[in-house]
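Mind having a look at this structure? Questions to follow.
We just call them A, B, C and D in the order they show up, numbering each chain from 1.
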Amino acid sequence: MSVMRLGYVHTRVTDLAESLKHYHETLGMQVVAEEPGKVFLKAWDEYDHHSVVLEEGGVGLVKLGYKVERSADLEDYEKRAQQFGVLTERMSKGDNLAVGDGVRLVLPSDHVVELYADVEQTGTATGVLNPEAWPRDLVGVGVPRIDHTLITAEDPVAVERFFSEVLDFRASERVVTEPGEDGDLLGSWMFCSNTPHDIAFIKGPNGKLHHFAYQLADWSEILRAGDLFAMDDVSVDVGPTRHGITRGTTIYFFDPSGNRNEVFAGGYMTFPDFPTITWTADELAKGIFYIGRELNERFTSVLT
Amino acid sequence: MSVMRLGYVHTRVTDLAESLKHYHETLGMQVVAEEPGKVFLKAWDEYDHHSVVLEEGGVGLVKLGYKVERSADLEDYEKRAQQFGVLTERMSKGDNLAVGDGVRLVLPSDHVVELYADVEQTGTATGVLNPEAWPRDLVGVGVPRIDHTLITAEDPVAVERFFSEVLDFRASERVVTEPGEDGDLLGSWMFCSNTPHDIAFIKGPNGKLHHFAYQLADWSEILRAGDLFAMDDVSVDVGPTRHGITRGTTIYFFDPSGNRNEVFAGGYMTFPDFPTITWTADELAKGIFYIGRELNERFTSVLT
Amino acid sequence: MSVMRLGYVHTRVTDLAESLKHYHETLGMQVVAEEPGKVFLKAWDEYDHHSVVLEEGGVGLVKLGYKVERSADLEDYEKRAQQFGVLTERMSKGDNLAVGDGVRLVLPSDHVVELYADVEQTGTATGVLNPEAWPRDLVGVGVPRIDHTLITAEDPVAVERFFSEVLDFRASERVVTEPGEDGDLLGSWMFCSNTPHDIAFIKGPNGKLHHFAYQLADWSEILRAGDLFAMDDVSVDVGPTRHGITRGTTIYFFDPSGNRNEVFAGGYMTFPDFPTITWTADELAKGIFYIGRELNERFTSVLT
Amino acid sequence: MSVMRLGYVHTRVTDLAESLKHYHETLGMQVVAEEPGKVFLKAWDEYDHHSVVLEEGGVGLVKLGYKVERSADLEDYEKRAQQFGVLTERMSKGDNLAVGDGVRLVLPSDHVVELYADVEQTGTATGVLNPEAWPRDLVGVGVPRIDHTLITAEDPVAVERFFSEVLDFRASERVVTEPGEDGDLLGSWMFCSNTPHDIAFIKGPNGKLHHFAYQLADWSEILRAGDLFAMDDVSVDVGPTRHGITRGTTIYFFDPSGNRNEVFAGGYMTFPDFPTITWTADELAKGIFYIGRELNERFTSVLT
């Protein structure tokens, strides 16, 4: 595997100023650069230049960036994507601020994913010499890093196959209508790192974002985030609770434009030999929200 | 103040065996005695004989026991109750297993409350000589103690006045339709100890139980309880979340008969000079569920 | 019982400015008033005027203030103290900034304790109308309130008897050389509220302070405090760990003058009928530091 | 990178029965097989056959097993090890119970490391179909998995170079006598997964074990482990505390034979492009024990 992680989420927002209150004041990301109609932010424990790009106008994903370990592999990924039969194009250094050359892929679900190996490294807030455990001057939730995205796809089987065959991701968990050959795939959680998921997709319209997530340290940070959402009047969708799928703990909430975010903590470790877990549709509510075992209408229908 | 704490909750259940799976196997209370159609249980950190009585047949409260510090005060409480204008009667040693003489009061809301000073002390599970921090052989959630009850009353003002004037309780928090003289009381949280509430009442039908609660050590125990509710297929109402009122963290859930229970952790300390907090009706949802700021229909309507 | 709680700790410090960095910037107390050579501070969840007084010059306790519920009881406490045989004197409104009339007692251990019922109430940081769960602008650890003190006494039996007979405190836990009549008392933890201790004393020189403590919400706040002690270069004595005695979790640390502080979370609830726990000297290390079961020289010898 | 993780720790113990009380009853590992003088155990969230082998007679490491993703890479690792100049030998299926063919390497520090790609997968305790979040019947601490080892080496530079050049590990953190070219390496923490360390070495005698570690979910599990160590009279070395290096939270303790174990939770995520952190010797105590910033003699000198 050469894909290392979700590097950036580039998303549309209806109002930049309002969004900054959310992403900076409540979540605690730092603004690292601005372009007309765009703001670039990073979280405190990320060493790359930025991890979130907000672009004014509309809602939903513009694209996702996944960072690969070796630039030498980009061409190979491009070939495999072409063989798979999706659109690809080269991206050049500077197409994305601070990001080097890369390859742009259109998923079978119409989402755009950019692969790149080079991005300016500006360092974490605690540095690399005798660092403190965390920055003394955190703002709001003080999210340390982005973690994963969940997108929707009309044909989740195709997207899963794409991530598996082209990008060497593996499935940690799958939801099927019934176990065995006859079951239809309703969702798949896939990893390229040792986390339970670096991307996930569930059945739904192409091109849509269900949510993107920030990683928090633990369950007590989840509560603290929830408290801040109350204080800052952030719209909360579900949580705090635990997921059955991934075992992580979570709160889902919305940015002011209606894009769903998540704070996520915990979850098991995956490895390339991880035995994929299967959830059956009758246990789906427990898989999604382990404690309450109920799905609300909003969670399953609101997408951007 | 001589009333020390909620000593016991005596509640009806439709099926004793099924209830024991809940109160013993899931919650971890120990069965300490049985009578025909009745089971007596205690939690591990309680030193009195029992704290929960399950009585087969129906649902809802039979009565609540509040333990007072000095038996000499029982007569005084009786007089004050009579002056207040509610029904009272003497109860004798043996009326309740292991409980001494006392006074039985009928609240303006028709709930029965027993006051008593003597009950057999059988000790906690960790004992009084070089005790461990908790018992090595806890079952399930392993609740350490009961904490409070929430009941409904057609006239919450009368019940609040009763607890204030007769039993020396004080209000920690009150929900009113609007602040000031013109507001109507929708709920009151009252304390006799240093906790945010030893009893609470909200507007509703007389004689009904909204829930009774167990105290857990902290937010991480709340999650562990929620996990066990999932494993044991306990019906969860709301949570985990935080309350605005009391600041405590919580999960509401149902016993197999439909009586609502709560696990509760945290909350501030109260003292006799505590300045009562006021919540206005427009902020009620935040007061009840601080993080999600939504009330579900079930939470506000299901009573036993 | 009419004594409600530890109301203030008045302590000497060698340097006020340096102390403020500790008590304000690291611990997060707010400066509420200043007098020449004195600073008054409060913690965010306290509603009285102040809870810590720092007085420049030397180290150690000037005096402790315990707040009583009813001013009518002050005279009674004074009489009982005189009958016990200790020095008492009246204190007048204004002797202590914002504090009303009261009684000053000299313990058998030479510590000075002031009892008072009236003090200006300036409110908590979150207020009494639809309050948030905690203040959005906490500084450093953000301690919510003071909790207890531990002092040393040549004759702990006399001090325990004083707090029991004069002030109606009860012992939650006692350390003795051996159980039974022949054992000598090495330490006693006593309560007037529902906490495990509102004051404690161990055998040692008269008039000395071992530590005074702040209450934190839970074990995760203990870690966060420890992190901040590292960042702010606060000298840590012991912890994080759990106590056997009280079951609380803890870090001991020093202010810049060498006065020992504690952050403390958890612990069981006490009530007037609480069965006193006995620790024997051979298990003392486990009683003090449950996890490591070792006492360091510094912890047992450094007093101010 | 093809090395995935620490697969097993094979260690000597003086007494098997006593060791089982520790590794099974206190830590909660399950015995999965026995051979004369040997016991094989696994933790509940591991899917391979076993992760700890206890061999009666003496103390200290017999060997470590690191599992690689592709058996095709074993030969390559063997060649690179030979080129590096260390002893290697082939190991055959059955040399280690349930483990397939592999390569045995002797580190420059004389420790034996086995690489293998095949081992019988017996599954986790929660399974792969609609799994619960954790097993309902955990024993003691209930460790989910092993995490890393710390070994000592006379020449840490050589061992670091070996893990870098032969096994494709990377350094997350390094402790040096002074920053820059002139500094001597005192310790190195290296990763092949996304954790802060899969192995670490500090300057010391060759062939010795400092500790091996179990991963726990979070800081609250660290406390729970510490409580159980007190109840089961496990000898605790240091903790609970936080590490500066790795940011993880920790308790060090000893098995009955004197081998040091650790429970470890948290820590940041590493990736192949992780910028190595440097600690200077003057900040070493803070790097090791962030909160107390003191090293005890036992921690730095006791090895097995």
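We adopt the following convention: contacts are C-beta pairs under 8 Å (C-beta built on N, C-alpha and C of every residue); 3 or more make two chains touch, one makes a residue touch a chain.
Note that this is a predicted model, so its numbers are computed, not measured.
Superposing the C-alpha atoms of chain C onto those of chain D requires a rotation of 180 degrees, given to the nearest 5. When every chain is reduced to the mean of its CA atoms, the largest separation from chain C belongs to A. For the pair chain C and chain D, the distance between mean C-alpha positions equals 43 Å.
Chain D has its Cα centroid 47 Å from the Cα centroid of chain B. Centroids built from CA atoms put chain D at 31 Å from chain A. In chain A, the residues touching two or more other chains are 132-134, 218-220, 227, 230, 242, 244, 286, 290. Residues 4-5, 45, 47, 67, 69, 121, 123, 128-134, 144-145, 179, 193-195, 215, 217-220, 242, 244, 247, 266, 268-269, 271-280, 283, 286-287, 290 of chain D are the ones touching chain A in the complex.
Residue ranges on chain B touching chain A, taken from their complex, read 219-220, 223, 226-227, 229-230, 236, 238-242, 244, 249, 251, 286, 290-293.
By the touch rule above, chain B contacts chain D in their complex via residues 132-134, 136, 218, 220, 227-228, 230-231.
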